[in-house]
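Here's the structure, in structure tokens; my notes come after.
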Amino acid sequence: MTEYPTALGASTPERITLLGEDLAEDVMGRVSFGELAFRLATQRRPTPGEVRVFEAVLAALADHGFTPTAIVTRLTYLSAPDSIQGALAAGLLGGGSRFLGVTEDCGRFLHEVLTGVQLPPGEAGWDELALKTVTAQREAGKFVPGLGHHVHKDGDPRTRRLFEIAREEDLFGPHLTLFEAIGRVHPRVLGKTLPLNGAGACGAALADLGLPLELLRGFALLARTAGLIGQLAEELRSPVANEIFLSVDGNTVSVPPDPDGGSDG
Amino acid sequence: MTEYPTALGASTPERITLLGEDLAEDVMGRVSFGELAFRLATQRRPTPGEVRVFEAVLAALADHGFTPTAIVTRLTYLSAPDSIQGALAAGLLGGGSRFLGVTEDCGRFLHEVLTGVQLPPGEAGWDELALKTVTAQREAGKFVPGLGHHVHKDGDPRTRRLFEIAREEDLFGPHLTLFEAIGRVHPRVLGKTLPLNGAGACGAALADLGLPLELLRGFALLARTAGLIGQLAEELRSPVANEIFLSVDGNTVSVPPDPDGGSDG
Amino acid sequence: MTEYPTALGASTPERITLLGEDLAEDVMGRVSFGELAFRLATQRRPTPGEVRVFEAVLAALADHGFTPTAIVTRLTYLSAPDSIQGALAAGLLGGGSRFLGVTEDCGRFLHEVLTGVQLPPGEAGWDELALKTVTAQREAGKFVPGLGHHVHKDGDPRTRRLFEIAREEDLFGPHLTLFEAIGRVHPRVLGKTLPLNGAGACGAALADLGLPLELLRGFALLARTAGLIGQLAEELRSPVANEIFLSVDGNTVSVPPDPDGGSDG
Amino acid sequence: MTEYPTALGASTPERITLLGEDLAEDVMGRVSFGELAFRLATQRRPTPGEVRVFEAVLAALADHGFTPTAIVTRLTYLSAPDSIQGALAAGLLGGGSRFLGVTEDCGRFLHEVLTGVQLPPGEAGWDELALKTVTAQREAGKFVPGLGHHVHKDGDPRTRRLFEIAREEDLFGPHLTLFEAIGRVHPRVLGKTLPLNGAGACGAALADLGLPLELLRGFALLARTAGLIGQLAEELRSPVANEIFLSVDGNTVSVPPDPDGGSDG
């Protein structure tokens, strides 16, 4: 008979356990939600400093206003108000490569660069590694994940603050160090100065916390779930989804079909 | 020109605000994730006691082991490992009436009973109201939401603990009070003693916190998002989804089509 | 050992069967996609007339331009272009009570009215039943599903055409007959003339085909899947999703948080 | 003012158009659902032969029994029976790289090989191109998409049949020709004979029809939507989802948390 081992939730008639602890006695009322999410993903107890960095990342990613994912959640709620789960799920489905993927891409990228490399002893060494990294990306015709922002062109306030918090908690590890060095040296290669964006800094910080790289996007989605609930709460107070729909519908122009427009087959 | 007002995320080149505060300076590193989720949904700052009760609810709902939603997330990840957002969204879509809906149903139910009713002065008065409530449901052939549990037949440990925490924080309001009274009096009407389940207690506690009733299911889904990330993290460490798939696939039996089985048209 | 019986897809190394037939020899190249969808839902072979009515319904529901579901699919694709399945799924999640639910609601409503009722012998009898039905809804303060349309105020061209096709195929059954009678008599009760909308007519036609009432919304979703692929194909040819996003984002106005706006707790 | 051009659905009070045609008069009752889906994706009218190949592909992909996507749809319906759209969307979210992606991967792969290449004049020329292709993949340590099947080891019946239908309709184009040649020559490179699988053949056939490569997975998802409705219809007749859930839940074994299992950070 197949068995499915798990350290997550389990229960007997008298007791519920989660990660080996008594849910009612040891978790409820004692463990913050941010710490719990960290524990669930790592199966270990984080330090208070780790929780602080982790929650700072979640705060940075929770809501960015009327993003596509926020619009999608509001429109889906307009269309199917009976299914809150559908409205949230629809919004999360926009959490792909373009709008929420930078966190994961940046964490993975930094990790790959660091794999098998002897960590440099000082700032000059990190600058050298960063220089090699940016140059290699440029020669391959690729962007450096986490570099550049369409609004915060002179610096993303989340990045500076996250660096500060990580330093305060003594959790400024190799991923953040390499990311910071990339911020210093890239103008020498690219010929212009780009900001280190907050989503990328979040990826570096999560990687330094030792969280599974495959799930970095998952944490962005967890943060965004809280943000999308905020969007729905505001939609309930002062609805705009129908106005958004009408503003699109009202500017539609019918054109003839274009049989030659589609195929590149 | 249509305008879309929002108090949520907004940004200028130098500054990002969230609910009127500076995201980097006032939120990151200072506000826990549970508190942030509360603020996003209510646009107000909760007290520390409110955060504690809210986070206790999230802990109670985060993960219940191999529920349908957990299995769905693992199977979807097996099938489409390139899309974490799809695996999480698929799991959340199971958050409907049967498995995650009790929290919302119970909160709404208690709220409806309390609407327009003068709050009773003491335990005897609450018992009377509860008795009337359970009797009315019974006469209408309906269940009382939050009553009964298929495993914790002699009492759900989460309920007892959530009552305790709410009392400690002086947040044991009318919804919890009515729910507790239902727990005391229902045997007189139903002729048997059922436990007050944890999901129902969570709905009562969230309603007492003044959270929007339409979104109570949303908070269960937020908690579950953390749980589903835990499920994916464990699936990455010790995969079982393929075994689950094979155990179903291997026990399939082909039967002839049954043209008479479907329509009731 | 649990067994899972199914008449759907099954395979041996040499052969694949679907609903008891050889998929390669008896289905591929011989059965149209509309007929196949009908068979999968009913486990029986429809007549050519049934397929024609069914496919007319699917055509009526496939695409209605820039609906919320279409906008959602385009925005999700903009945000996560790596996941076509996510963009389609997000669009389908808008298929709830407000925008795609009329088909199911109308089919179920007509069916409930007809359950246990002796079918009237002629038009006068149907009018009487319809009158009773509309009056009862009005007295209960409820709308009649399928009645009214915000654009086609003088008649929905799909309804007239679907009636015609069902008559041509001798499939104008009791659901369509009652629906048509409601169209004749409702002004006597409501004091104004409303059109029978196409979505409602589709529900009546699907119910007359004997399709499972629980899945009527599912057929609307199947039709819409084809429509959403059309939306994505057009988005690939001449993208508008980013313009839609910018037109929303650009009209955002920051307002202070409103702590009193949310709770009715 | 931004305008959103579209050739898809549009309506005036009197008339609904779809791709420039009158929906009621020219589409309903005249255009099959398969043809309509083709038109929506290409904005052109297919020939009857093109429709036949297209619908054969959809039939081949509609349902493969208790796949992860089918299990997911059934479990989600069990958990949230109030939301058919959620159950279908959840199932489609499994349509990613592993279980439904072969169709897209194979179509794209063949198309890339053919881009910029002079088409060979005869079978020997195609074999040479195929040999070069398989060798290059092997040297790059990559699989050839569409090659191999875990059940139909001696040949996938869908592939043979789809080849036959495409030949009958004179639509056996360069993608199918290259795919067939790969089937002939790969043993010389790989040292073993693998079947050309049906999902891959479908991708080749869709590419030969000139359908947008970015949407090949979309057609697999359209076919699967019909299949998932079939799964739900069968679940309504003879439910198994709860048994599946219990068989997993009942074989769960609690193990202690494993803090060292997760991170590779």
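Chains here go by letter, A, B, C and D, matching the order in which they are written, and residues are numbered from 1 within each.
Throughout what follows, a contact is a pair of C-beta atoms (placed from the backbone, for glycine too) under 8 Å apart; a residue touches a chain by one contact, two chains touch by 3 or more.
In this text, all values refer to a predicted model and were calculated from it rather than measured experimentally.
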{"item": "Steps needed, at fewest, to go from chain A to chain C via touching chains", "value": "1"}
{"item": "Reference chain A; chain at largest CA-centroid distance", "value": "C"}
{"item": "Listed pair (A-C, A-D or B-D) duplicating the B-C contact set, over half by residue number", "value": "A-D"}
{"item": "For chain A paired with chain D, centre-to-centre distance based on mean C-alpha positions, whole Å", "value": "31"}
{"item": "Separation of mean Cα positions, chain D and chain B [Å, integer]", "value": "37"}
{"item": "CA centroid of chain A to CA centroid of chain B, Å", "value": "24"}
{"item": "Interface hub residues of chain C, defined as touching at least two other chains", "value": "2, 4-7, 10, 41-43, 65-66, 80, 82-83, 85-86, 89-90, 93-96, 100, 212, 233, 236-238, 244, 247-248, 252, 258, 261-262"}
{"item": "Chain C residues within the chain D interface of the complex", "value": "2, 4-16, 18, 22-25, 27-29, 31-34, 36-37, 40-43, 52, 54-56, 58-60, 62-66, 70, 83-86, 88-90, 92-96, 100, 151-154, 157-158, 160-162, 164-165, 168, 212, 214-215, 217-219, 221-223, 225-227, 229-234, 236-238, 240, 243-244, 247"}
{"item": "Contact footprint of chain B on chain D as seen in their complex", "value": "65-69, 71-72, 75-76, 78-83, 86-87, 89-90, 93-101, 233, 236-238, 241, 244-245, 247-249, 252, 258, 261-262"}
{"item": "Contacting residues of chain B [partner chain C, same complex]", "value": "1-7, 10, 17, 19-20, 41-44, 80, 82-83, 85-86, 89, 93, 111, 175, 207-213, 248, 251-259, 261-265"}
